[in-house]
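Please go over the structures that come below.
Shared between the two complexes below is chain A, which pairs with chain B and chain C, respectively.
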Partner chain A sequence: MAAAMPLALLVLLLLGRRGWCLAEPPRDSLREELVITPLPSGDVAATFQFRTRWDSELQREGVSHYRLFPKALGQLISKYSLRELHLSFTQGFWRTRYWGPPFLQAPSDTDHYFLRYAVLPREVVCTENLTPWKKLLPCSSKAGLSVLLKADRLFHTSYHSQAVHIRPVCRNARCTSISWELRQTLSVVFDAFITGQGKKDWSLFRMFSRTLTEPCPLASESRVYVDITNYNQDNETLEVNPPPTTTYQDVILGTRKIYAIYDLLDTAMINNSRNLNIQLKWKRPPENEAPPVPFLHAQRYVSGYGLQKGELSTLLYNTHPYRAFPVLLLDTVPWYLRLYVHTLTITSKGKENKPSYIHYQPAQDRLQPHLLEMLIQLPANSVTKVSIQFERALLKWTEYTPDPNHGFYVSPSVLSALVPSVVAAKPVDWEESPLFNSLFPVSDGSNYFVRLYTEPLLVNLPTPDFSMPYNVICLTCTVVAVCYGSFYNLLTRTFHIEEPRTGGLAKRLANLIRRARGVPPL
Partner chain B sequence: VLSYVAGIAWFLALVFPPLTQRTYMSENAMGSTMVEEQFAGGDRARAFARDFAAHRKKSGALPVAWLERTMRSVGLEVYTQSFSRKLPFPDETHERYMVSGTNVYGILRAPRAASTESLVLTVPCGSDSTNSQAVGLLLALAAHFRGQIYWAKDIIFLVTEHDLLGTEAWLEAYHDVNVTGMQSSPLQGRAGAIQAALALELSSDVVTSLDVAVEGLNGQLPNLDLLNLFQTFCQKGGLLCTLQGKLQPQDWTSLDGPLQGLQTLLLMVLRQASGRPHGSHGLFLRYRVEALTLRGINSFRQYKYDLVAVGKALEGMFRKLNHLLERLHQSFFLYLLPALSRFVSIGLYMPAAGFLLLVLGLKALELWMQLHEAEVGVEEPGGAPGPSVPLPPSQGVGLASLVAPLLISQAMGLALYVLPVLGQHVATQHFPVAEAEAVVLTLLAIYAAGLALPHNTHRVVSTQAPDRGWMALKLVALIYLALQLGCIVLTNFSLGFLLATTMVPAAALAKPHGPRTLYAALLVLTSPAATLLGSLLLWRELQEAPLSLAEGWQLFLAALAQGVLEHHTYGALLFPLLSLGLYPCWLLFWNVLFWK
Partner chain C sequence: MAVAGPAATDLEVVRGKRAALFFAAVAIVLGLPLWWKTTETYRASLPYSQISGLNALQLRLMVPVTVVFTRESVPLDDQEKLPFTVVHEREIPLKYKMKIKCRFQKAYRRALDHEEEALSSGSVQEAEAMLDEPQEQAEGSLTVYVISEHSSLLPQDMMSYIGPKRTAVVRGIMHREAFNIIGRRIVQVAQAMSLTEDVLAAALADHLPEDKWSAEKRRPLKSSLGYEITFSLLNPDPKSHDVHWDIEGAVRRYVQPFLNALSAAGNFSVDSQILYYAMLGVNPRFDSASSSYYLDMHNLPHVINPVESRLGSSAASLYPVLNFLLYVPELAHSPLYIQDKDGAPVATNAFHSPRWGGIMVYNVDSKTYNASVLPVRVKVDMVRVMEVFLAQLRLLFGIAQPQVPPKCLLSGPKSEGLMTWELDRLLWARSVENLATATTTLTSLAQLLGKISNIVIKDDVASEVYRAVAAVQKSAEELASGHLASAFVASQEAVTSSERAFFDPSLLHLLYFPDDQKFAIYIPLFLPMAVPILLSLVKIFLETHKSWKKPEKTD
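Right, the complex of A and B next:
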């Protein structure tokens, strides 16, 4: 997931059950790979992927023996009849404009009957989230690619996102039986400016302060892919060391890419020097210019000032010179921003842009957020502005967070689009091709799928001053109200002198005694 | 009278120790933690400044391309914004009319943060090339900050052209609002909610002292904690820091310290009352962004600091602001400063204004009693006094007769507000004056024409009981004035207090009997325009640069033009307030004085 928020949780819970056939003997396999890509801005992205596949019907068979598949997750699947789970922890923000389209995306091809989606924009991710994640790996962090996962380096980056995806995959074309797939991904973006002192060269050691020493013995495949797209032109622009034995070509995100492959299971690779430290040097450093802009990027902000009203604006940029394409925009806005739906305006190139589909589910106070989903056609080479006004609600005083003046988070909106590609892509067989290919699902040859998350927003709500003066004001108001009430009562009431009907307490007491004695009362 | 004296005395007493408290840091996030400043890019800053000045001289405007390139080379995300604004009339002090320029800003993205919060360091560049040292320091600081990993908030480095106009254009575009009719291109890059901003102005690469400006648009002030933060780093770095250009008195026990404090306090009151943004930080305050302007002053003092010292202070402030968990909200927003380390809180200075307004209230009450007595006196021979007196018909007539003067004076105010700018072209066609002069002269003409008002209204007004007529009018005027001043005092204490000090005695005394010429002179002397002139003279006096009357007059004309211009360009409220609120009110008293 290319999550734009510190922590995203996506649970796809499918309650329906399908047909299944007799189980084959359980087989499981582990594939691991690392993809290193230079980003348009000069930073370096590293994406780890560990994929465990288990040909077992977890929900039907009483499975008790676990080999590669982590038992904790297996039990979760069988106990709660889980059909799919996507959980991602992200710290940082994928800057699409500078880094290009994000790598890790949630699967786009799920047919779901029941979907739960939740985002916690305020949570922080740190080492204590990484350690349990590493424990799910068969080789933990002892061997294979996972030796590179050293917490102090991974959290010394501009972007960090770790995720767990569990889903069933069909074992054959007719989908008569399924296997479970656990995919653990971790992607980090190293800031070239800080780690490389301005240079854009990198090596595994410099990035992770470790080198690769041995493959994980349990893995059936263990590879490192390095993006060397500019490499072919007479070895002029960059140099990788050690030189790759094989390369791999593919169309990724609409452009042709070339990858150098380092296979850790190839014994010659490690035996040469007891360790593998891949290095990349730029011979002709790329110019210090603004990086190329991707076809689709977005920006979201709160406009206006003051604590009464505001406006949520989302800018959608389509920088493609001649192709228009549709975008599905999904917004969840907390209930304490009261949206005025009649103020929803969508303009591109100064003209109103009518969305072809709108789904709006209003919020219920304290129960459910607003849900707004729109399908918008973005004209070629344009900026589309989607804006909606809101009013800031006053919360009950117990509903404020401990630090209310920090503001309240509004979770990012999600953009899904089919972006036209530059180069036509061929459909691929996912079991055979490298793992990272499945991160870029292709719908047909001329488009590729992109899911983007915009920035989370911080909105200030009208906040009482929870301090001593506030208490004093509350107290004085109460005192004034009480005084005012009694004064008002005194001033407006007219007093009449009335003959006392019953003569006070003494007389009543006397009457009681008289009644007890059987004498007529006074 | 007693109340008036008490009010003034209270105000003067504000500077003495029991009433001025020591400042203290309220925000825990900034108080307890220490930071170590490591900025050492003094040479780099000077080199940047030299390059910037050279490029600027060559192109004659802000060297946008050079700035973009340099900011990108230190590792920022760079964006530009172009803007243009046609002023309502030519600005003579800055020599500009059709203004167009470009702002350049670079964003340092905090690692592992999602751009929800940001801090701003801004350097306003005017038409002259005075602020290039500040640009150099900004770039060197950006380069230093970029190498650090502890940032939790994005930092925006903003260089604006045409000083405040550029800042205003950028702020409006950032918040996607249009308050002042500025045309500007939309911003490409944003960084969430701005938490705090610092503006930097340096005239040379060595400074003797750092002056801090707090007063913002319409007298808004930043949170006192931000000022405390500045003061902390002044002390830590051993910098000489001043407020209103005045040195800080050390000794508060003897009489000298408080007297010096009083000078600073008066200067602050005058500046705050003017409602102008004193530095580009003033425009941030509207968006609830706490902001300060730091000015490097280079005087003839022996000991000088270089850019490293200033840079270290800025680095420390930014690091502490970076620690902030919440917006600055703990300390005071309404305060007066007799010195950097001392403040007067709102609870202590409000009584001064309260006493002054009490005069109006008491006078109004007295008039009300007199009116009531007069009524009872009229009615008593005729009818029997009932327990509940219905409104006598004569009072209804009295109120109706008040409508005419009220309407006329309000119309005068409206004319004063609208006509000068609208009529500038007519004026330039018929008289040999420039547009700006035309505006000012029209202002004065309408203002003076207002004085002829009583003779005009007199024909309209016809009352049977002349004495009660003026009493009722004065009663209404007093209540009107008290209400207005009360509202102003709550939002901009300095302005309210200044106006109250001048207008209250004349307002209380004005009546059509007794020494009329004396009253008239008093009233003219305390009219809003005269107050402005007086304030200007006092301000220069306190700055130890006294003015002659002729210079004062020139400055007065310039101030009038500036006031009108600032209303149109930044949305300053002083001009509409005076022309629509206080001037008509004052006319009512004038009317009372010449009641026949």
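Right, the complex of A and C next:
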């Protein structure tokens, strides 16, 4: 439902673009965007999006010729007949409570019957993941927005998430032919206080230690959007440099936003000084007011003691003063936590909350995890607690990971919701705002779609003493050896009675001395 | 002292000795085999003797040659002797453990009527067209037509002709020793069309001791079930050059026919990509006289590595990849030429790297810069490019230029760029290479099993080994009986099975079980049990020894 809209938009865009083409229309196009948003907490979020579209039926054509679309991914699609692929590497955790709802969400139009979903919470994201990701970009990191992608800065951030999304897109309204869309996204959150010596001011150079020098000649669109919502008419709170030529206003994630647009393909933008270093200065420091609490945020934890049983609890917060809304909660729990489904309780405001839909797929040992999916109605201004008890299973001793006492990760649960907006979004001109419609899919004027991930959990499992097999071997062998030894002695030794020696220690000592003197012993 | 002391004690001592001996016997007869059996690594039985037999395998490569005599090719009384069969066998001297013998089995017969008619036509091409139709010849076989000494089918100074298919024409002679002389000519032609030392030496390059030509011989790709061919257009300067190439059309027109002709040798997949901002790793040298840039020959090896990281690995298959790169130099380094050893620019402006692929530098015509603004639109001349790439492709597949005997006319290439007998020659070489690879793999596996006792051989691995051995033997037999196609298929099966056995992950399951850990587990049990047994055995031995010596002394 949420995905049908952006699809329709893209088709419109494509039709609009056709007139621009040269004699031989390029069958692929690249558009790159960067959105810089100051977060309520004072941090700065930067979101890159590189979008490659290719009008080609990858799964049908035998010989494949690639231009902007990377060959490695194209081969993957045609060889394994992929319908869609979403892969993301994330380091850090998006703090919804302080940063507001996240900007990038995966589209939700995957067919569930063929869906493969997996999370590796233990994996660490590193430069070695960024380099191949950059190689997929047509301009590599030599020109355009990708110049800013410098690994040592991108990994010195509070949050780093890079992703590859591949999906088919209808080329016309009746969907008789499809194009493939590859979206490469990267979002980072810079800690403005650390990089800016206590100030909230930022500039491209300070964040990325690079500036923009030239547009990527292959891109048909290359833009930087800067969120200047506080840049009001008379009240001079902040200043952006260079002054933006155009601004753009829209309702994004339920709130009204104003963006300054810098178009790199606009020749005047870069040619003046050979580089573009966008800066934002706060003239009057913004009041230290508590950041607005987002309408939906969540929290997850493990409770219980001992190594036998435990409880998984998820707290879902709806802070909207008067509107209730439904949330789809998806949980995958590894098989070694044996869930007791009868203990599943959902309470909000002290009362039991019956979910309107539950799908549960039990785990199979070593084969598949538990899958629990629920549609829960969150009452206005409430905290809903979803808890389920589990028992910790004993693994086979070769199944333990290295360093098992560190614990085992449980993947985050996924929340998808249509959250009511503060401001009603009016229907905007989609051609004007291509980025935002794919970034922030709007379902209708009064709601917006949000997908949240909770914290991954770390659960201790009962771990055996791994030297135990050797200890057992040693102990058994010792017992056997002792029994065997005495048995052997008993059977092979000969016993005979010996006359008790007359005289004790004194006599022997005397004899020793006498022998030394050369006198015959006693 | 007890009264019955000595006798009772003796009895006790004897009983104790017996008990100790019994313990030792039980430990050796029952305990040791039990321990051995229970701690053994599982090993299915393998055909070791057959594997070692493969090394001494004699490969007899049989080339069936049909020799057809026309009416006036040899003296009449010689014609009376037809048909008969002559076998010409020759050992190919290679420093390799396998003995390879080449055997031309020449079946002499008289020409049939339609053949006579065809060979009396005006030109070779016409004759070929007429001879072609009746039947397809089997892979690896050859037909040689002997025509009369004064026939005008060939130009007067030419003694023989090699056709594009599996046929050749040799001039006859009116002489007493006609069969001998013609036979020698036929062998010369047949060798050029089938097996020469060079071809086999190139095929076995990996298995032969290194010599000074080995680098040249190791140019062809190793034999594999399939190959991936990737054409990449490198455009390091998209700001100045907007390069377009019609790769789809070029592949369809030039590459695909060639690969279709080669399809017996493996599966091929072709794809192409365009890489922007992909630079060569070397700064070219500027020559002010010609105001152009040069890449020296000794710099060429450094060109490939930085580019290769951009080429990307193939996600879809494990076949070896052949890369063909078309490099359009950036504006600042244009025009760019490749220099050979002597400093002269290379005519094709291209070079190849053994077993990797080829690179061609494509300079943008300087006239295009004058009129228009940057970026200039460049349309690549695919005919020029594909000529070079196809020549490189032939080299990389080991299809070398044939060594034509003197006074022999070679027909022009077929439209697909590959003669049928060239494919046969490739199949011979690949079959021999596959057999050598499979044999080496099996021998290494056997040696490894002899050296490392911890390797597990499961039943399915063992069955792969048996299958590989059988396939090697079958392929050798098929080669000896002249069935090239089935021999090649069997040799491929041999390689696949042997490598599947050799690289099976189950071989490694118990490999990491170091000896010190083994002893740490055995010692707590074995030491306390073995020491008393050994001590009492030593004691018994010493006593017996003493009691034997005593009587000698008293004597």
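One rule holds for everything that comes next: the second predicted complex is superposed on the first by the 424 of 522 C-alpha atoms of A that agree within 3 Å, B and C clash if a C-alpha of one lies under 4 Å from a C-alpha of the other, contacts with A are read in each partner's own complex, and residues count from 1 in each chain.
By our rule, a contact is a pair of C-beta atoms (placed from the backbone, for glycine too) under 8 Å apart; a residue touches a chain by one contact, two chains touch by 3 or more.
All of these numbers come straight from a predicted model, not from anything done at the bench.
J.: Which partner chains sit in contact with A:Ser303 here, chain B, chain C, both or neither? Use first/second/both/neither.
T.: first
J.: I'd like to know which partner A:Thr478 touches here: chain B for first, chain C for second, both or neither.
T.: second
J.: With the two structures laid over each other on chain A, which partner does A:Leu458 touch: chain B (first), chain C (second), both, or neither?
T.: first
J.: Classify the contacts of A:Tyr322 with the two partner chains as first (chain B alone), second (chain C alone), both, or neither.
T.: neither
J.: Would you please give the residues of chain A that touch chain B in one complex and also touch chain C in the other complex?
T.: Residues common to the chain A contacts of chain C and of chain B do not exist here, since the sets are disjoint.
J.: Which bits of chain C are touching chain A when the two form their complex?
T.: Those residues of chain C that touch chain A are 1-2, 5, 8-9, 12-13, 15-17, 19-20, 23, 230, 238-239, 244, 247-248, 251, 269-274, 276-278, 309-310, 312-317, 375, 520-521, 524-525, 527-529, 532-533, 536.
J.: Once bound in the complex, which stretches of chain B touch chain A?
T.: Where chain B meets chain A, its residues are 69, 72-73, 75, 77-78, 109, 111-117, 146-147, 149, 175-177, 186, 188-190, 192-193, 286-288, 325-327, 329-330.
J.: Give the list of chain A residues in touch with chain C in this complex.
T.: Going by the criterion above, the answer is residues 24, 63-68, 70-73, 75-76, 78-79, 135, 138-140, 142-143, 214, 217-218, 470, 473-474, 477-478, 480-482, 484-485, 488-489, 491-497, 499.
J.: Once bound in the complex, which stretches of chain A touch chain B?
T.: Where chain A meets chain B, its residues are 4-6, 91-93, 95, 98, 121, 155-160, 191, 193-194, 198, 288-290, 299, 301-305, 311, 313, 315, 383, 403-407, 409, 455-460, 463, 465, 467.
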